[in-house]
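What follows is a set of structures to go through.
Each of the two complexes below includes subunit A, the first together with subunit B, the second together with subunit C.
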Partner chain A sequence: MVSSHTLDRVDSLFWTLVYRFESLAAVQYAVAVPELDTDAKRSFLAALAPHARTGADAFAGTALGGPVATLVASATSDDARHVLIVQGFLLELLGQTLYRTFGASAAANDTTRALCTAGGRAADEALALLPGLLAARIGAGDVLLQTFMDESQATLASLDALGEGIDEVFAERYGVKFADLMGDVAAEAIAMCVELGMDRRKFVAFLTGALMGI
Partner chain B sequence: MMPAPAPLADPERVAIEKLLGLAIFGEKVAAKIYLLMAELKPEYRELMTKFARMEAGHGGSFLAAARANGIEPDRAFADNELGYLISQVDEHFAERNFDALTVVQGFIVESLAIATYESFLPIADKFPGTRDAFSAALADENYHVDWVLRYLRLRYFDATDEFRVLAERVNVKGIDCIGGTMMNITEYLDAIGMSGAYTAGAMMDGYTRLLETVGFTQKDATKHVVGMFMPLIRKYRHGEKTK
Partner chain C sequence: MKPRALLLVGSTGFLGGLVAAGLLAETQSTIVAPIRSSHTRESVLATIREELVREGVAQTIDFERFVTVPLDFAELADACATYGVSEILHCAGSVDYFNSQKLREANIDLTTDLLGLAKRFAMRRFVFLSTAFSSGYVDGVVRERFHEATEGDPTEYITSKRDAERLVATSGIPYLIVRPSIVIGDSRDGRYSGKAYGLYQFWSAFERFLSDRYRDALHVIAPHEQLQLVHQDSFKNGFIAACAHMPDDTIIHLTSRGATLPTSREISQLWFETIARPHEVFYYSGRDAVENSALDRRMKTFLEFTAVNSELSAHRWRFEDSALRGLCERGLRFAHTTIETVRICQDQFVAQSHRLQAYLEKNKEQFPSTKPDVVEVNPLIGGVVH
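And now, the complex of A and B:
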């Protein structure tokens, strides 16, 4: 149960940001990968909704608006392979890292901490289902690696701009930089790629190049 | 008889002059580090001196291959890239810290060398004579790393936390320096037909594996390495100087 502690501007921006991606995930999972449209995800989204702004000006006055729109565009697709790789793999890992990091921060209030716990649990559950889904829908090893590279390039490229916005808005309050968050995301992604039979060196090289923008 | 080198376009010439400059003078720095290590631990003097000779030999064979191709190594570029590394090495030596020098040389410098030499070999025949020089150097660097891993595994057996403290302390500056160089040479690697991204990824992956071998878990090692490279990657992406 999430309490109704009043959120200030910074926390409100965080949950508005999260809501954009979790609501996109909910729509895409329902259409393309129903296995990931879990009770935990639906319950988390319902708890999140009252704390998020949904208007066109939700990010007004911050560096978040443009990058969020670009990232949402890059993540939007009804193709199951794209949804699995971008939403199910990359953005779930990013979400899991955000919930863990922000939830553990001394700056988090009760509402943010409770939402982070619920979000983290839902992300954990989705990520536990992911290896089986990737193997069944796409395959393993080089086939999966090539699909990952094809589907994730645009999203990885747009993460950098989002990072600038995240640092500008949240770094002071939560004491965490996007580079650190991406370090955690990359570590989890690399561990998962090994588990899925992808060539680790090729995966690391792709990830490095994509993040470098080359 | 070696085939005559093909004429180089200007961007390719500039790139290979810088890369060979870095390789040649980097090998000299590696030789210096092993000599300093020889001074600190008499029980390893003979072996460290042998390693130093091998590193100096690489520099010599690279220089000969460069000259055979009409390439003049860019010393100013190399000096600029290596200056920060040398000052770190001097600090560790002043502290009589053999293990810090082992991590700097055996992990950080060797990771850059191995990643770039491995990635260079597929295109080495563009520069006649370089294949043999770089193949031999690569085998030697792996031989050195083999010893470094054995030394560190034994030295920090049952003391992984102590190794972690050392690695984190040394890595903060070391990766900032050598990882920064990796970012700075990316465009030159691309210009001669290598992949800067692949080489950078290979260095990160190679370095991660070294940490794992000494006792970090895979995820922990990856987090550690990626966390240090991410600020450099972001600087590169934004066209900022990495050091």
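And now, the complex of A and C:
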């Protein structure tokens, strides 16, 4: 159970941001990849909902609104391959990193810590299912790499644009910057791609270009 | 060059934009530029105009000579007929190292289609922008002639450029192939309008990942091999001069003279001695030699994101420059890259970076008064301090 500790504006913005992507994932998983529409994900989303703001002005007064909208647009699709790569792989990895990092912060209150634990567990479960799903639906090695490049480029470029807003709103509270988070996501992604039979050098070159706006 | 119409493909890109500026400044040609729907004539022209303003010649240019058309082959054919296009200058392409699909579409399929257009209108010449590295890894001097396929190209980008060169050369249309090396900022003021390729990737990766705080020790892969860099003003002047003076069916390397070219190590040292200012720099022979456990996560990311270019720079690249020397004898202004001109580009990059300005200000008390110690890390024999 997640306690109902009152969240201040920074925490509220964090969970509003997370909710945007977790609710999008829930819809996309249900339609395109039901295997990832797990009990843990549904239960986390239900716990999260009361702490998130909805509506067009949810990020008013911050630099998050535009980049979040662009990122959501780039991640929205009902194509199973896109959902697997963008939601199932990239955004789950980002979520896992966020939950681990923010949940471990001394600045996190009980509610945030509990939500991070639940979110992390759901992300772990989804990521554990992912290799089998990718192999079955897309393939391995160069085929998977080409699909990854095709499907994720726009989302990676949008992620890059989110950095400034994330740092502005969350860096002081949680003591972590977007470049740290993306460094962790990149490290996890590289390890995972190698396990999936992709060429490490090719994947790193792609990731570098996509994340650095080349 | 005589007044005529040229089809310039790729004017929205970095090098194509420089070529457009050069053509407007140095010729009276009408430039027909196909653009995607995400661009407008005004947005494309803004970048080109900026370059001409910086050169101090914008006021003398008739910008009506720059005509845009949608990037659609039916429209291109109409434009070729309407304007009497006599040459295609193909400066578009993908620089993705390994995205096979994009490379095929942008570097092979597009070239094939443009060659078809050139044949249909019996054009006088096809100018193709390639890369000095299209040979792949070869021993000795890379010649200004066609390269055979080699085993183990460093990237698929290189393979696709070599394949595209062959399409051009076997098309039956008179051709000129221009092969620049890695293009960096202007030799005079360091301005740079490209993306974070090559050397800029190294600087940008430091800015992004390592400028958050001061680090006593930094880790990098930077071999003692010359880094083949060419300034954007030299590229532009060289390209335009090649179009004006090179005979048909030739290839030209736009590369800097080996005698003055700095090594990757010297360029790294310049950065560490003047900007990063650590107490120690650990140099590795390759990514595999780095012991990850000792590094913080940002340092690891920096190394990951600079690894492929570091690997490419470890090869001893030597280029024939006969054609370029011939153009210089005819009066071409070509500033060869030196450590001093790299510094001009570095200074400009740092001056435009708020993060690096903040880094320099915040950490100045911690900077050493002397150059950083250099530690060569060889996993077989351990580290040696110099």
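As a convention for this text, the second predicted complex is superposed on the first by the 214 of 214 C-alpha atoms of A that agree within 3 Å, B and C clash if a C-alpha of one lies under 4 Å from a C-alpha of the other, contacts with A are read in each partner's own complex, and residues count from 1 in each chain.
Definition applied: a residue touches a chain if its C-beta (ideal position, glycine included) is under 8 Å from a C-beta of that chain, and two chains touch if they have at least 3 such contacts.
Just so it is clear, the structure is predicted and the values come from calculations on it, not from any experiment.
Aligning the two structures on subunit A places subunit B and subunit C in clashing positions. In the superposed pair of complexes, A:204 makes contact with subunit B and with subunit C alike. In the overlay built on the shared chain, the residue A:186 is in contact with subunit B and with subunit C.
Applying the stated contact rule after C-alpha superposition, one finds that A:146 touches subunit C and leaves subunit B untouched. By the touch criterion defined above, A:118 reaches neither subunit B nor subunit C. By the document's definition of touching, both partners, subunit B and subunit C, reach A:212.
Legend: residue contacts after superposition of the two complexes on their common chain; A:194 is shown touching subunit B, with no touch to subunit C. By the touch criterion stated above, A:18 is placed in contact with neither subunit B nor subunit C.
Only one of the stretches 41-49, 77-85 or 131-139 in subunit C has C-alpha atoms clashing with subunit B after the fit on chain A, and that stretch is 131-139. Across the superposed pair, subunit B and subunit C both touch subunit A at residues 177, 179-180, 182-184, 186-187, 190, 201, 204-209, 211-214. In the complex of the two chains, the subunit A residues touching subunit B come out as 160, 163, 177, 179-180, 182-184, 186-188, 190-191, 194, 200-201, 204-209, 211-214. On the side of subunit B, the complex with subunit A involves touching residues 183, 186, 190, 195-198, 200-202, 204-205, 208, 218-219, 222-223, 226-231, 233-234, 236-237.
On the subunit A side of its complex with subunit C, the touching residues are 142, 145-146, 149-150, 177, 179-180, 182-184, 186-187, 190, 199, 201-202, 204-209, 211-214. Of all the residues in subunit C, the ones that touch subunit A in their complex are 95-102, 155, 195-197, 201, 204-205, 208-209, 212, 297-298, 300-301, 304-305, 307-308, 311.
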